[in-house]
Structure formats: structure tokens, C-alpha cells
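Working notes, structure below.
For reference, chains read A, B, C, D and E in written order, and residue numbers begin at 1 within each chain.
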Amino acid sequence: MIFRLINRIPVTALGIMAVLLVLWEAGVHITGMPVWFLPPPSRVFTALVEMLPQLLDHSRYTLLAALTGLTAAVLVALVLAVVMAMSPRIRQGVYPLLVFSQTIPIITIAPLLIIWFGFGIMPKVVVVTLVCFFPVAVSMAEGMQAADADMVKLLQVMGASRWQTIKLILIPAALPSFFAGLKIAGTYAMMGAVIGEWLGASSGLGVFMTRASHAYQADSVFAAIMIISLISLLLFALIELISRLTIPWYYNERRK
Amino acid sequence: MIFRLINRIPVTALGIMAVLLVLWEAGVHITGMPVWFLPPPSRVFTALVEMLPQLLDHSRYTLLAALTGLTAAVLVALVLAVVMAMSPRIRQGVYPLLVFSQTIPIITIAPLLIIWFGFGIMPKVVVVTLVCFFPVAVSMAEGMQAADADMVKLLQVMGASRWQTIKLILIPAALPSFFAGLKIAGTYAMMGAVIGEWLGASSGLGVFMTRASHAYQADSVFAAIMIISLISLLLFALIELISRLTIPWYYNERRK
Amino acid sequence: AAAGEEAGEGKIEPQSVTVMLDWVPNTNHTGLYVALDKGWYADEGLQVEIVEPAQGGATAPLVASGQAHFGVGYQEDVTQARANEVPVVSVAAVIQHNTSGFASPKEKGITRPLNMEGKRYGGWGAPTEDAMLKAVIEGDGGDFSKVEMINTGVADFFAAVERDIDFAWIYYGWTGVESELRGMELDFLEVRQLEPALDYYTPVLTTGEKLIKEDPELVHKFLRAVSRGYEFAIDNPEEAARILLKYTPETDAELLLASQKYLSPRYQDDAPRWGEQKAQVWERYARWMYEKELLPEMIATDKAFTNEFLPK
Amino acid sequence: MTTRESINNLKYDPVVLLEGVAKSFVVGGKQLPILDEVSVRVGEGEFVSLIGPSGCGKSTLFNIICGLERPDRGRVVLAGNENLRAVDTVSYMPQKDLLLPWRTVLDNVILAREVAGDDREKARREAKELMSLFGLAGFEKSYPAELSGGMRQRAALMRTMLAHRNILLLDEPFGALDAITRTKMQQWLLEVWNRFRRAIFFITHDIEEAIFLSDRVYVLTPRPARVALHLNINLPRPRRYECVTAPDFLAIKKQIMQALTST
Amino acid sequence: MTTRESINNLKYDPVVLLEGVAKSFVVGGKQLPILDEVSVRVGEGEFVSLIGPSGCGKSTLFNIICGLERPDRGRVVLAGNENLRAVDTVSYMPQKDLLLPWRTVLDNVILAREVAGDDREKARREAKELMSLFGLAGFEKSYPAELSGGMRQRAALMRTMLAHRNILLLDEPFGALDAITRTKMQQWLLEVWNRFRRAIFFITHDIEEAIFLSDRVYVLTPRPARVALHLNINLPRPRRYECVTAPDFLAIKKQIMQALTST
């Protein structure tokens, strides 16, 4: 398992990344761009090292909001997906509303979120949930929809109730798709939490970044972005790991 | 065709929506909430009607940015997907970078976008592109990945080049998946443009909303949100229509 | 510190209080942080949390709804909010005179409002901006319709003028000082020089009518502590700057110190005590806004502010 | 056991009785008749096969027996009782094995028991004992993807058997297997049938398979399906695979082939 | 045409020549031998079948001929020329029909021509003329999903034919069809073969099918595959389906059955 994961570390991607960084550094120096226009990676790394204790401190809050929101999103998504699976009628009613919910630009209703939920962790969690539940709910619903109709019929002939069918067929069949959606949601979770903090907070990476940006320190802003991306990628890897442990049969089948 | 589309209008969803609106209206009146806390739908509708000319005027800019960005996103996504299809090596290198790109909270690099691209339509288009290319690229890439390996082999035996294989098998096979991703991207496009405007612009729905919100006119803000959602849903429907016209074979097959 | 206090004094739970800033922590807020650092809130039995938005936020609804007990706002914003029935009240003026104005890089040549014609203005989308510019430009014999209004959103002044913007509305105490540090020459037109009605209070500390009614004692306690904080900052700019930096270490130390030195003498300025607001200033500006059709109705300015809670 | 027995069963006690069953589907706005007055019966413990060209409506007939579809006309009586629900008396094995990929073999075969609300551990214990009969001993914890085609079919058949129903409907269970595996599975199926003594109603394309396995064979016409031929297979049991080249066998084969090609 | 002819062809001019071909795959870290010294040849215009149990390596053998896999040992010579690339001389029809669902029937059958860079319109015109021979007249503009199983197989075969190669590799083309359709397709295939006179190398599970169609039959052992039996089918042509119950036919069938089950 561990061996396989190590094997999966995207060496090529890291290579491309390194090349891009070198080009960026060179580009900044050659064109003589000022730091506030675009800080060179070397400056960003310096800032990262200098600010690391602070960054880690702020990260704790953001990560907590991201994880709580992601958990809430998963719960909401599962409930919605199961409800939609109960009948095509309900599905037809709920699905367009899900799409509708995604067309609302969150930052524009953000002030309202704060009026309603205050300054604690709550509005951040709400933002993360709003951003993350959609990919999970949709992939879960699509996965359940795509479950083998003949399996469903088989259970019907066995006398299964709709709930049994959902539990025994639809949910397990949708798990691979669920995890695919969860990975997307995981990618968005940190970003959502940062947006949430941006609306009003006393700590968190979002706060760090706005302060740095109002103090005209583009290198610190980039350092924070790096931390956010790093945590997001770790989250992504964690979800991949959980998915491999949860649905081994799926990965075994695919390997064939 | 038209008959089928009319048939597809989500009556149940509209019903649920109507119920939610009535509850909202009643809730506001019963609890005596002030308008700035949460405006009742009736106020929002009044504001919508009053502000309609202005809203439509601002919508033009937003829609233009959304459509341009969406088009750019599709082009970028297609190029990326095809490049990734060229070899597993490249795929492994590029895919993680795509994921990485989505972990960057756009609003935090927004000031840089403005430094780089100014206050014209460009930064909005960039934001929309950044938000929208990911779902399209991922679904296109997944769709190509999922193409029938035996078909690919068949073409290989016919002596096809990699590019011919991509053109004749991978791209058409991925179209259903592509359109699924495009629908998600379409849902996000208007939202992306509004965020873009919020970061700096002279007209557009984002600007309208900032002004309304600074003037404490929550009803106008909601009216703008309604317009955004409405346009997004129309965009969604348009993509659905294009997809039905482009891949009729897929829909025919599914109906069986 | 708070825990120690509790143990020492026994049963009394500190009352928790939230303050919403209008922007990231800056020298406008020094007094709030000094009071926090010196434990003056705790002396009053308050446990204060300071939260901040990313961007020039409209704090009025948050204060009015009670999500924040106090907020940092501006007179124009309070006036606008009250005209829209948002029950928010200004309880102290942080700076006696309006230190804001229109800034542009020297090479743009905007030395008087007339020069703004044909230029691009970068604002943040508040309705007052249009009216104000219009008044100022027309007062100088210019044509406001020739100015292009752009909402710069999150972009800061230096980023904005680097791109498509010619001039913007800044606080001299922050952005102006930063430009001095950068060695960038600005033309700065202070608004109060251009139009007397525009010498309003910005920023101010606000609270909700509800809180005033339900717990006036809290407002008293809070303002007592804050006043001490600003008075300290007036007397000890360098020490105050150092304290502020402690709470916002991301901020540039040099900028902070310079800004503090600029601002410390201006907090109280010519007023009899820190925070004092004059009815005349409120009335004059509200009337001006009303005449410029920025308000749906004229507001009762005596309800919009009060000096009642300032320590004697 | 002889064919006689089962014919007697048929006369007096059909566990599946279809009389004049007709069914049509609406396809592209038009009525498409699928079944046209099909009458079929299966006696207790009897092995009856149904042959017909692809798309003639064999699976539809099974769906009607299972209660998944309602006939337009005609009568379906199970176990001699008009009010009996199909789920209580019928166990169905579809053409695809439909093993759930996320369940081990053991958990797959007890699926019907779990749906019925039986105790899972008990069902598992019972199933474990039968594993070797079904040639699956040692594979209890394997996932379906790890089995060969023949093993998968055996697991599916085991699941069907463990539902404890009197009537087994098998829809082309060996359709996907190669000729050699198929032959082995047929012989094995006869053994299992012999042991459990349930009525089996068996759909197939393969004429030899139908003859080799069955007591009786129904041959259907192309769509809309009617019974073109109804034949007793009076070959002695137990049967060995070599009998497929015996003259009796060949005569029956020719007869069925004619019925299939003439219509 | 008689079998003699093709055996002569074989002696002097094999278009496919495999000598001592061996191949193994690494499965779960271990070497799994699939083909163990297989030698096979197909003469010009000859119809040769390959029978073997499922998973013995038949498709792997085809993949080696096509150049999709490289043999571990042994020699593959096509059209008597060691340097000839498979794509220039071989046309391959996989077990699944693999018609592209997004192309009309007409555009599907000209696929190989399009890949070769030929003029599309010209290829279409040529294809249209052959539509009726392949029983597809009137379906030029239909999508594959609108065709029956037999028609799909005919379209796939037409695509294989239109590639204009001298060697056709058909991998269980009729595996998915029902018995009746299958019989019809077999007869039709013989007609088409007769007309185009290409060498056909044919994989099947079905013993009757192999005998009915072929000039020669290779029977493979289970994995790792070796040639268990190599048989000339000296039945006169043209053949009619009734011959499957003829004594000569049955004798050959028995012989193959034994070879398959004894190993």
C-alpha cells in the first residue's frame, strides 16, 4: 500500500513545477519586475520560512473550518442524494434547486451570512459547505442513477424495499463516484474557508493574506497561497487514501 | 425536440421553489425581520421590476465576460485534455497541476490579476476562465481516459497515428462527459464574472451589487442575485440544447 | 491574562465583546489595540475580540443586528444606513477631521479638481463617491460626466494607479504615508479643503440602538477603555505603534510607525476630548447628502450620534 | 428419476401457470406486440426450458412471472394460488451474473436472505457449508472480480438457490461462457438440481443445452412470441454429455431447429 | 473450390506463419505463461479456425499477429515477408463489434480507409455499392445503436473487409449472437468469403461453427496454450447448415471434443 502510494507521487508534475518556478524566477529578474508586481519564488520562499510560525498558527483555524465544512458538506450531500434516490419525482424537484444554489455568487451574500451567523467559525463553515456540497451531491446522485438497473430489479424480485435497494445497491454502487466528487470538494474546501475568513474573522490564513496584502507584501501573500495549496493537496491525498481503503474492490477491478 | 424540452421543464422544482418563497415571505412578516436583515421576496420582486432597466444594462457586461471566459475555458480545457491524451507521461505531469490550480483562492490573487490585466474586461474573463476550465478539462480528460481501450487498439491495428486515434476515438467518446463538465462550468460562469467585477470594474452586476450593498439596499442585492441565477440557468439550458444537437447518438442510445 | 484576572477577582465572568473593524488593522485602530494590550478592557470586566473584514466593509448591519457589539464605520456610512432604517449609532469620532482626499501620482497632473476631467477615478462603489466628486469638480467649474468611475474593489491604490486608474480617494495617514516611504510623489487634494461639508468624521466607532437601550453600561465601559487607549496613543506614538504591530505582525513595521506618527496628533486635534462629535458636523453633512439626492429622506441627526458614552 | 414423474407433476400441480399471456410495449409512439397469447406451465421439481430467437420476448416473459411487468391480458398463477406474490415463491437469476462487486462471494450468495431480514451470521454459516457443492470452497472472502466466468455463474446460481424459493427462473445463465466451461456447468447444474429438487424454468438460445438439461422444452416464434413447439424430452436421466451425438438427441435437435427456422 | 486447393496454398505460400511463438505476462509479480510454442500457418485465401478454452490465449495470439504484443520467443512472418508491418497486410475484427456509436453505419465501415488517408467521399461511394451484399442497404445513415445484433456484426465485418487487406483476423465475431442468427451469419460469411477470397483466421468457442466454416482447424490446450490438434476439414463446399447432423461432421466434432476435454 505505502509502496504503491509512494510510487504514485507525481514526479513529472513536480518536475514541470520546478521548471515553471525557475522560469518565473528568471523572468522576474530579467524583466526587473518590482516585488509588488510579482514577487520572485526566492522571495516567496524566504517569506514562507520567516513567516512559517505565524502561517502555521493561522492555518489551524482555516483547516478547522475547512474540515468542519467539508464534513457538513458530505452529510448534506449524502442526505440529499439519498432523498433524491427515493423517487424520480423528488429528484426532479431537488436537482434543479441544487444547480440553482450554485449560481449564487457566495461573496455577494457573504455579508448576510455574517449578519445571520456572526463572526465565529460558523459563517466559514457555511461557505465551505455551500461550495463543497454540490460536487459531492451531484456525483453521488449521478453514481446512484448510474447503478446497474438490473441489480435493482434483482433486489425487487427478492422483495427488497426501496430503502434496502438504496442501502444494498445504490449507495455502494455510487461510492467510486462519491469519492471522485469528494476529491473535487476537498480541492475547494481550503479555498472556501479562506473566502469565509476574508469576509470577517480574527485569525486564519484569509486574515493573514488580507493584512499582508494591505501592507503591500506580495511575497507574504504568495507564501500563504503556497500553504493553502499544500494543505489542499494533502487533503486531496488523504481522500484518495480513504477511498482506497473504503472501496478496495473498485481499485482491484480497475487494475485488471 | 421543442416538445421534449417543454416537457423537461422541472415543474416539481418550480413548485418547491414557490413553496420556499411563500415560507420566506411569511417568515419575514411573522418574525418582523427588518429589510436589511433579510428582505421578503415581495420586496425583492418590486426592486427587480423597478431596477430592471439598470439590471439588464449591467447584465450585458457580466454576460459578455461570462461567455468570453467560458469560451476561453473550453478552449484551454480542450487543449489541455488533448495534450494529456498524447501520453500517460504528460497526463501524469499536467493533471496534478490542474488540481493545484484549483486550490488557489482566486480572490486572494485578484489584486495581482488587476495589476496584470487592469480594470477592463480582461481580469473578469481570466477569473471566469480559471473557475470554469477545471470541470471541463477534468471531465474531458476523464472521458478520453474512459474511452474503449479496444477501440483504440482497433485503430492502432488500422495503422492510425496517436493524433488520428485522438480525433477519431478519444474526442468523440469524451463528448458526453465533456458536456457534463461544461454544464457545471456554465453554472459557475456568471458567478465567476460577478466575482471578477467585484474585484474591480466600472459596470456589471457585480458593480451594481457592491453599490446596492454600500447603500444598504438588500432588496436590490437580491434582485441582482435573481438575475444572475436566471441567466445561469438559461446558460445551463442552452448548453443542454447544444449537447443534444451535437451528440444525438448519445441521447438516442440512452433512451433505449 | 484574562484567566488570571478571573481567578484573582473571583466569580465575575468577563463580558465578551466583539468589535468589527472596517479594514485590516491600521493606525486608525491603534487605541482599540492599546486598550487590549494594556488590559484596560479587562479592567472594565470586558473580554474583547477584534475581527476584521478583507475589504472596506459595511459594518452597520453587523452592529445593528448585534453580531458585533461595536464597529468601525464612517459618518457617511452611518448616515446612509440610518436613512435605510438600519439602527446604528456613532458613539465616538476616532479622528477629529477628515484626513482623506484625492490622490494621484504627480505625473498625472491632478493639482485641482478641474484636472479630474477626462481622468479615471478608482473608488469602492459607495454611492457618496459620485456625488462628492460631482460637487467638487463642478465647484471648480468642471464637468463631472467626463470622469470615468471605476470600482477598484480589492485593488490597492498603488496597484490601481499602476494600471488604468488616474486618481483615488485615500486616507493620507496610511496610503499617503506609504507613498512617502516609497518615495513616490503624490498630488493630494484633501476633501475638507475642497468643500467644508466634507469635513465629516471618518472613521467613527459605532454601536446598535438595541445595545444602547439594553446595556448602556457596557457602552460606557467600552468607551472608557478605548478612550484610554487613544489617549495613550496620542501621547506615545512609538510605543503605540509597537503595540499595534504586535497584533498585526504581517503589517510593515516601518509603515506602521510612520503612519502612527502622522496620526497621533490628529486623533483629538482641536476637540476638548478624544471622540467628541459636533451636531453641526453631522447636520451639515446629512443635509449635503440629502441635497445631492443620496438619501431617500433627511435623517434625524441627533439620533445618529451621541457623546453620552464618552468619559467625562 | 424419469421424465414420466415430472409430466405427472405437470398435469396435477403446476407451480408456474401462464395462460394466454399477452404483452406489448409502446416503442416510438407505436404499440409493439411482444408476447401474443403465450401459455406455459412448469410442474413441481420439473426442469423446463424456453428457446426462442433473440428479442422474441423471453426475458419479458420472466419479468411477467417475477411481477416486474404486468401482462396486458392473460393469467399468471404461481404455486396454484392466484394471490401469491412472486417475491414469496420465485427466485430469479438474470443473464448477467449481477454479483455485487463490493461484496465478497459469501456476502453475495446470502443477499436474498439479508433482504428477507434473516440473521446475517446464520445465513453465512449455512452458506459456508454449501460452498464446496458449488465449487466455491476457499473463495468465501474473494470479491467477484477475482473469480473466473464459470465461478461467477456458480456463485450467482448459489445466490438464487439460497433464496429458498420453490421456483427458479434462470435467464440464459450460461450464455456468456465458452463451450467447454458451459458443458461442465450444465452437468454440474443437473447435479445441483438433483440435490435441491426445485422447479427450474430455463431460458436459452442453445438447442443442445435445452435438450440436454430439460424434461420439457417450449420453442417460441420470433416477435410477437407464440409457442411454436412444445416437446417432452424423453431421454433417460442421469444424462452424460456424450448423449448429444446420440440419434435420439439428434432427432429432437432437428425438430427444434426446424421449428425455429420455419417461423 | 475444394479443400485440396487451400492445402496446396498452405504448403507453398502461407500468408500467416507463426513458428514456436511463446508469450507470458507478469501477473501479480509472477510470470504467467500464456502461449507455449505455438506454430500455426494460414494459406492465401484459406479459412482457418482456432478453437480453445476461454482464457487460453487465443486473443493474445491475434494480438501478436497484429503487432499489438511482441512474442517472447518465436517468429511471425506475414505474407512471406519478414519486414512487412501488420498494419499493411492484416485487418482485424474484434469479438465486440466496436462500431463507433457516434458514426453512422456508412462512416463506420469506411473507418480503415479514412485512417489510411483515402478520400472520404470516394470510400463512401465504394461502400454504398456493397451495402446490399452485407445486408445493410437502407441503413447507411443509421447509428449503430439502431441496428440489431446481427446487423452490427455484419457492419463490423464490412469495415474489416473494406480495409483491403489480404488477411482477416476474426476474433469470435459471432460469440454474442443467438443460435439462430448465428447460423444465418455463418452461411452469409461463407458467401462473402467466397466473393472476396481473402485468407480468414477465425477464433471461436463453438465446435460446430469451426467445422462448418473452415478448411482447417487448430485446437489449443488450456493455458499455457499449445496446439493440441490440427485437423483438415474435408467436407465438400458449398456447405449447407443441415450438414451439421451428418455422420462425417459428427465424427470430426467428437474428435475435437475429445481433444478439448482430454487436455
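Details
Operating definition for what follows: contacts are C-beta pairs under 8 Å (C-beta built on N, C-alpha and C of every residue); 3 or more make two chains touch, one makes a residue touch a chain.
Just so you know, these numbers come straight off a predicted model, no measurement behind them.
Common neighbours of chain B and chain E, by the contact definition above: there are none.
Set against one another, B-C and A-D show the most C-beta pairs in contact at B-C. Compared with chain D, the chain whose C-alpha mean position is the greatest distance off is C.
Averaged Cα coordinates give chain B a centre that lies 38 Å from the centre of chain C. Between the CA-based centres of chain A and chain D the separation comes to 49 Å, rounded to the whole angstrom. Separating the CA-averaged centres of chain C and chain D is a span of 83 Å.
Centre-to-centre spacing of chain A and chain C amounts to 37 Å, using the average Cα coordinate of each chain. Shared interface positions of chain B, defined as residues touching 2 or more other chains, are 37, 107, 111, 115, 198, 213.
Across the assembly, chain D contributes no residue in contact with two or more other chains.
Chain contacts: chain C has residues 54, 58, 61, 65, 154, 156, 159, 162 touching two or more partner chains. Pairs of chains meeting the touch criterion are A-B, A-C, A-D, B-C, B-E, D-E. Here chain D touches chain E in the complex through residues 53-55, 148-149, 177-181, 183, 205-207, 245, 250, 253-254, 260-261, going by the rule given at the top. Listed in rising order, the residues of chain A touching chain D in the complex are 148, 150-151, 153-160, 164, 168-169, 172-173, 175, 247, 249-250, 252-253, 256. Residue ranges of chain A in contact with chain C, taken from their complex: 36-37, 51, 54, 111, 114-115, 117-119, 197-202, 206-208, 210-217, 220.
Note for the complex: chain C touches chain B at residues 54, 58, 60-61, 64-65, 77, 80-81, 84-86, 122, 124-127, 148-156, 159-160, 162-165. Those residues of chain D whose C-beta lies close enough to touch chain A in the complex are 63, 66-68, 85-88, 90-92, 94, 96, 98, 100-103, 111-112, 114-116, 143, 145-146, 163.
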